[in-house]
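Two complexes follow with chain A in common, the first pairing it with chain B and the second with chain C.
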Partner chain A sequence: MKVIGKPRRRVDGRAKVTGLTRFADDVVLPRMLHMKMLRSPHPHALIESIDVSRAAAYAGVHLVLTGKDFPASFGILPITQDEYPLAPEHVRYIGDPVAAVVARDEQTACEALELIEVRYQPLDTISSPEEALAKPEPRLHAYSERGNIHRLQAFQFGDADAAIAQSDYVFEDLFFYEGNTHLPIEQHACVAALDADGKLTLWSSTQVPHYVHRALARVLQMPASQIRVIATPNGGGFGGKCDVCNHEMVAGKAAMMLGRPVKICLTREEVFYMHRGRHPVLMKFRTGVSKDGKLTGMHLQTLVDGGAYGSYGVASTFYTGALQTVTYELPRYQFEAARVFTNKPPCGPKRGHGTPQPRFGQEIQLDKIAERLGKDPAELRLGMLVKPNSLTANWLKIGSIGLEQCIRTVVERSDWKQRFRKMGPGRGLGLACGSYLCGAGLPIYWNKMPQSGVQMLLDRSGQITVFCGATEIGQGSDDVLAAIVAEVLGVDPQEVRCITGDTGITPVDLGSYSSRVTVMMGNAAIHAAEKLKAMLAEAAAEELEVVPDRLQFANGHVSFDARSLTFAEAVVLAEVKFGTLGAVGSYSPPRAPGRYKGAGVGPSPAYSYSACVVEAEVDAATGWIRIPKIWIAHDIGRTINPVLARGQVEGSVYMGLSEALMEEQVFRRLPAKLSRALVHKFPSLLEYKSITSLDMPEVDTVLIEDPDPNCPFGAKEVGQGPLLPVMPAVANAIYDAVGVRIDELPITPDKVMRALELKAAGKPARVGPEHFPAVPYPAPIVVPPPWEGGDGKEAKRDDAAAVV
Partner chain B sequence: MMRLPWFEYRAPETLAEAAQILAGEGANAALIAGGTDLLPNMKRRQMAPRVLVSVRQIPELRRNGSVLGAGVTLTEIVHKPALPLGLRQAAAQVATVHLRNMGTIGGNLCLDTRCNYYNQNYEWRKAIDFCLKKDGDICWVATASKRCVAMSSTDCAPALLALGARVRLVSATGEREIALEDLYNNDGIDYLRRRPDEILTELSVPSAPSNYWKLRRRGAFDFPVLGVAAALIDGSARLALGAVASRPFLVDRANDFLRGKALSDEVIEEAGRLAASRAKPMDNADLDLYWRKDVSAAFVGYALRELRGDDMRETRRRITRYQPA
Partner chain C sequence: MTRAEISLSVNGEPVEVTFAPYKTLLELLREDLALTGTKHGCELGECGACAVLIDGEPQLSCLLLALECAGRSVETVEGMAESWQSGAGLHPLQAAFADLGAAQCGYCTPGILLTAKALLAHEPEPSRERIQEAISGNLCRCTGYQQIVEAIEEGARRMADESHR
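Moving on to the complex of A and B:
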């Protein structure tokens, strides 16, 4: 291959480093107005009245909107359409927007916000999952499954409890993973404007222009054909721009009403309130293990703090259990989950979407299992790996799996065998693995259409233009698109013009989430490019007097031995022969074998795998943690551009380490007799701690290539998977260093000190959750695993995709 | 973005003119040098002075000889080897390189006290019905407290206290030179004894072997959650603490104990215990407050061991991610 796998400058690199990339806030239009939103200062309240008269009369103000201007609700999932652009009567977290001002400039809009008078009737707040379970009232949402429990889920793939009870060893562990947020450097922004014929265009820093398009049509109650959403290049997303946002709806409405462009840029505080970040999850793992180190069964319970709205939460909750089966052979598996509503900013998808939390628990528990069995943690894992081309207990279809090579690679490169448990006091190594989807098997709203479409245009100059709805969020999707087309057509990727993320002119792609773009857009691009290649080959073959199949497309030429045409010459011949040249391609993932209700979450065309070794130094006097080095190997299937792929791995390690050591989206509840406030502890980049480049260790990255037949050139994902092993590997390394277990994130020096003090006192040297509350999980959906004679169905009914 | 409130901007070219403006405006005016602390605070409406008086053009504040003008930037301090090491180490660990290029030594000494109920934007503070320090009447950190417990967060002040620095304050009616110690009150609101009409113009900094140890979460950006400064004055070690009260302070009990003693391991341990007993961190900053108190003795130990000549570079690298040049 000429392009795939070769390190290259990304196609949009020049624009990024010269400052020419046009982000949403760079969109400036004539007569543009500016918008700010008034947000609730109460975590939970009913709106008694809103008086906007003073704000509306303020000099420079053009429009004031409130909830009554928006009769229709929206939400990212069809089953949780629970948000309004502006809250009509009920606010559910501090930061819930209640009114918006559009003015000549931002300063004026800010000043006018202060003139809006809102009378609230405060309600009791639900601050934690325990409280949500105990207090059905006041209820955040009438549609919840019961009280303040948003959703309950339960599955049984074989009788796991019986298998565990008969096991040689039973391990029961509680883990807690604190919530955290995405921290894209670019804050959300959008501009809405009417074009010359009265249609609405929205430029927005979104990962999902197609879903924003649908939501705008619903909320503005106008035909989708009258709306165009352009996803501007995102300055980072990480899942934080996967949701449909209030400000996008309100800006659209304001532009429609005023006939003038309207811009809004969120402040950093507002991004913390927008959130949709990592759910805090409490987990209980009961796992049976045989003497020879095989898993016999696992029973996992999770309790998920959803915050104030649904967002992706139903899917996130499924994901707290869906991927426990894809790394190690697990004959029987029971999974129960509950998501609750609390009066905090809504949680949603963040890099790894719902799976890092249980992966954290599972990989630490495996470390405990290995120690109890007297086995090396790497050997224990190697002895139980899922086989390629197999089915899991919960009916996921595994294709290629390069995990063995990943483990062997990091073990060898970190000198694991010589150093693990032998590094002396205060220093240690920890190992963990992970796996992630290469795109969700099902779209968010049920339909049978392709999940990604690509359209291509060739013209007689030799120019190649590729249109796709996929969204460049910094991950390099434009580069992947150009590379794949260039590989098929034998040209340089810099020759390919990518037009992406524009619902007005590009075919639908569902968006940059769930690590779906390389696989889905890539397959669609191959589909389209191969069609054009066939046309070029046919025309060129006539000219060169060879059989079309014998022609080589490479280095900008179409050739057979010495007979050669330039690519542009071949295009001219094809245009003569076929007329204007264009082609479309599309991709739908293979149908997943699971047929039970809830089987829609977990299937993917392929799974990526990662293994990681972390080295830790822990200071016994202070508990201070230093991470000098991390080794990581990621099974990417096939690398498209190693420069970008390594960047994604290192970025994942960075984010994972930051979550492991310090990040937490946490809240303070003030004394009830003085205030009802439940406030974000520190909605600022200074006090919400994330690691800096100075805190970043050396990262030894190896890309493992085990091509998957479902993927373009075998290429799997790399944007999310490499994050997963980092957090548990840090915890395991700290155990190796000082012999204490920190079973919750973040792992801070005070927790290490507390555990060291417990150890010194002869008590169990562990800091983590002590108690799992009683959750009213329902009777499980019983689905026999493949090896117990199942057919992928629940006994009752076939409704596999109804949930997500 | 967050927007600044409206203000009048004055840029006097002489000290006398600046002092005149302050005399006229009183508490309505605020001095601005680098603006790295003031402007974010104004954006959050922690303060909204009607007049900003820039001191950037006043020659007296730019002196950089044997006396140090208050307008000398932190970067200039870092790169001036004639200054004592403790001060340079403190300046080098303030915020980030960009902020040190703008921020001044005078600004760092007058840094507003910090509290994570106070360093929030207006809407956030409104959600908690404000606090004692600004617009409210309850201290959320210590609800029974009559006094604001916002924390002194200057890195340079402890270093200068240990060294015995003095500062000059000039007003339209006169000038005075005081020990730096006397610039501070242990009160989160009324934390400076500088009168509103006074300008901190210059510092005199005695030279002595000295060092500064900063506890913070990350290798950059963060304000201290503990600052330990040590200096060798007349053969005795002297300690000052920062970020554990509303003022930086000389640790009298530990310093009395240290006077005339060689820094043996036992002496260092006892000094650490004495100094740590004076550290009163509150739950209003980063990291667990009990842990912050627990490690203060260890940090005092690092500072004193380094002062007696131990090679502490490995500890610095591991725990503070800071390597002095």
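Moving on to the complex of A and C:
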């Protein structure tokens, strides 16, 4: 291969280092107005009245909008269309928008916001999952499954409880993963404008222009064909720009009403309220293990704090259980989950979407199991790996799996065998693994159309233009697109012009989420490029008097031995022969074997795997944790551009380490004299702690190549999977260093100190959740696993009608 | 509203500009001078995305009133390429950032490039620790910093090569 696998400057590299990448807030249009939104200062209240008359009359104000201007709701999932652009009567978290002002400049808009008078009737606040379970009223959403329980899910793949009861060992552990947020350095921004022909264009820092397009059509009640959404390159996303946002809807409406461009850029504080970040999840793992170190069954229960709206929450909740089966052989599995509503900014998808939380629990529990069985944690895992080309208990189809090599690589490079459990007081190593999707098997809204489309144009100058709806969020999707096309056509990637993320001119790609872009866009790009290559080959073959199959496409030439044409010459010949040259490509994932209700979450064309070793130093006097080095190996299938792939791995390690040690999106109640309102503890970049260049350890990255046949040139995902093993590996390293278990994140020095004090007092040296509340999980959907005679469907039951 | 007027040097060019007096240098650059290469992530001095060079030293443009910059010399990312002796090409730091994956989303990149340029002006061969210290006020959520540090080391090498020519 000429391009794939070679380290290169990314195709958009020059733009990024010269400041020429045009982010959403860099879009400036003639006669542009500026918008600001008024947000609820109450975590839970009814709006009694809104008086906007003073704001509307303020000099420089062009428009004031409130909830009554927006009759239609929206939401990312078809089943949770529960948000309004501006709340009409019920606000559910501090930051819920209630009004918007459009003015000549930002300053004037801010001044006018102060003139809007809103009378609220405060309601009791639901602050935690425990409260949500105990208090059905006041109810946040009428559509919830019951009270403030948004959604309940339960599945049984074989009788796990019976298998666990008959096991040699039973492990029961509680874990808690605190919520945290994406913190992209670019604040969300958008510009909406009417085109000269009366159609609406929205430039937005979104990861999902296609879904924004659909939501705008619904909310503005106009044909989708009259709306164009352009995803500007995102200044970081990590899932934070995966949801449809209030401000996008309101700016679109304002531009339609005023006939002038309208811009809004959120403040950093507003980005914290926009959130859609990591769900806080409480977990209970009950796992059976045989004497020889095999899992016999697992019963996992999760309780998910969803915040105030649905967002992706139903999917996130499924993901707290769906991927527990794709790493280690698990013959029987029961999974129960509940998502509750609380009066906090809505949670949603963050890098790893719902899976880092149970991965944290599972990998720590495996560490405990290894210790109890007297086994090396690496050997224990190697003895239970899922086999390639197999089915899991919950009917997921596994393809390639390079995890064994990942584990062996980090074990060798970290000198694990010589150092684990032997480093002396205060120093330790921890190991953990992870697995992730390469795109979700099913789209968010059910349909049978392709999930990614690519269109290509060849011009007689030799110019290659590729159109795709995929969104560049920094991960390098434009570079992947150019590299794949360049590989097929034998040109330099810098010769390929990528036009992406524009619903007006590019074929649909569902967006940059669930690590889907390389696989789905990549396969569609190969599909399109191969069609053009065949046309070029046929035309060139006539000219060179050879069989088309013998032609080589490389280095900008089409050639056979000494006979050669430049790429542009071949294009001219093909244009003469076939007319204007274009081609389209499509990709739809293979159909997954699961046939039960809920089987839509978990399937993927392929799964990536990672293994990680973390070295930790813990000061027993202060609890201070230092991480000198991290080793990680990631099964990427095949590397497209090693420079970018390594960046994705190291960026994942960074974000995982930051979550492990400090990041938390948490809330506190104001004192009684100040209303007792539930407020964000620190909506600022200074107080919300994240790792800086000074805290970041050296990372030893190895890419393991085990090409997967479902993937373009075998390439799997790399953007999310490598985050997953980091948090549990940190916890396991801290245990190796000082012998205390911190079963909750983040692992802060005060928790380490508390555990050390317990240890010194002769008590169990553990800090973590002590109690799992009673959750009214429904009777499970029973699906026999493949090895118990199942066919992927729900088993018929007498009480089937009672199953939710 | 009365407007302020100042003269200053921006990327080596003399500039006279009138603006609303409450504006920060960040706002002046982006809104009044159309230099949108300078980014913002908080406008509270927390993220480092808006760093520019004032008389050669890195400063957060969101914390400076534009009025304070009268008569001073401001350098933004737009000025980096031209300011290098090799002419219209990229500054060696920019080229190293592009080649070595130091810019993923590219949003924190302008601030880090200018911070690094100022560091190398004082210390042409900084240690890895000095580089980590110099950019510790610039938050990056994409890279994990390792490729940024390596690109600054590589940029320093390339600058040394250029100046030996």
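In the analysis below, the second predicted complex is superposed on the first by the 790 of 804 C-alpha atoms of A that agree within 3 Å, B and C clash if a C-alpha of one lies under 4 Å from a C-alpha of the other, contacts with A are read in each partner's own complex, and residues count from 1 in each chain.
Here, a contact is a pair of C-beta atoms (placed from the backbone, for glycine too) under 8 Å apart; a residue touches a chain by one contact, two chains touch by 3 or more.
In this text, all values refer to a predicted model and were calculated from it rather than measured experimentally.
*Asks:* Just chain B (first), just chain C (second), both, or neither: which does A:T692 touch?
*Replies:* Both partners, chain B and chain C.
*Asks:* Does chain B (first) or chain C (second) touch A:A134, or do both, or does neither?
*Replies:* In the superposed model, A:A134 contacts neither chain B nor chain C.
*Asks:* Classify the contacts of A:P41 with the two partner chains as first (chain B alone), second (chain C alone), both, or neither.
*Replies:* The first partner, chain B, only.
*Asks:* For A:V547 in the superposed arrangement: first (chain B), second (chain C), both or neither?
*Replies:* Touch partners of A:V547: none, neither chain B nor chain C.
*Asks:* If we overlay the two complexes on their shared chain A, which of chain B and chain C does A:G13 touch? Say first, second, both or neither.
*Replies:* Only chain C; A:G13 stays clear of chain B.
*Asks:* Touching A:M1 in the superposition: chain B (first), chain C (second), both, neither?
*Replies:* A:M1 contacts neither chain B nor chain C.
*Asks:* On chain A, which partner touches more residues: chain B or chain C?
*Replies:* C
*Asks:* Does the superposition put A:L670 against chain B (first), chain C (second), both, or neither?
*Replies:* first
*Asks:* Give one of first, second, both or neither to describe whether A:T622 is in contact with chain B, with chain C, with both, or with none.
*Replies:* first
*Asks:* After superposition on the shared chain, which partner residues are touched by A:P233: those of chain B (first), chain C (second), both, or neither?
*Replies:* Second partner only, chain C.
*Asks:* Do chain B and chain C touch any of the same residues on chain A, and if so, which?
*Replies:* 107, 267, 684, 686, 692, 694.
*Asks:* List the residues on chain C that touch chain A in their complex, please.
*Replies:* Checking each residue of chain C against chain A gives 20, 22, 30, 34-44, 46-47, 49, 76-78, 80-81, 90, 94-95, 97-101, 103-110, 113, 131-133, 135-149.
*Asks:* Where on chain A does chain C make contact in their complex?
*Replies:* Residues 9-10, 12-23, 25-26, 28, 107, 182-187, 233-238, 267-268, 473-476, 643-644, 646-647, 650-655, 684-686, 690, 692-694, 696, 698-699 of chain A touch chain C in their complex.
*Asks:* Per the contact definition, I'd like the list of chain B residues that touch chain A in the complex.
*Replies:* 1-3, 116, 119-121, 123-124, 126-129, 138, 140, 143, 217-222, 286-288, 290-291, 294-295, 298, 318-319, 321
*Asks:* Sort out for me which residues of chain A touch chain B in the complex.
*Replies:* The contact residues of chain A facing chain B are 39, 41-42, 94, 106-107, 110, 265, 267, 269, 617, 619, 621-624, 626, 662, 670-671, 674-675, 677, 679-684, 686-687, 689, 691-692, 694-695, 748-750, 753.
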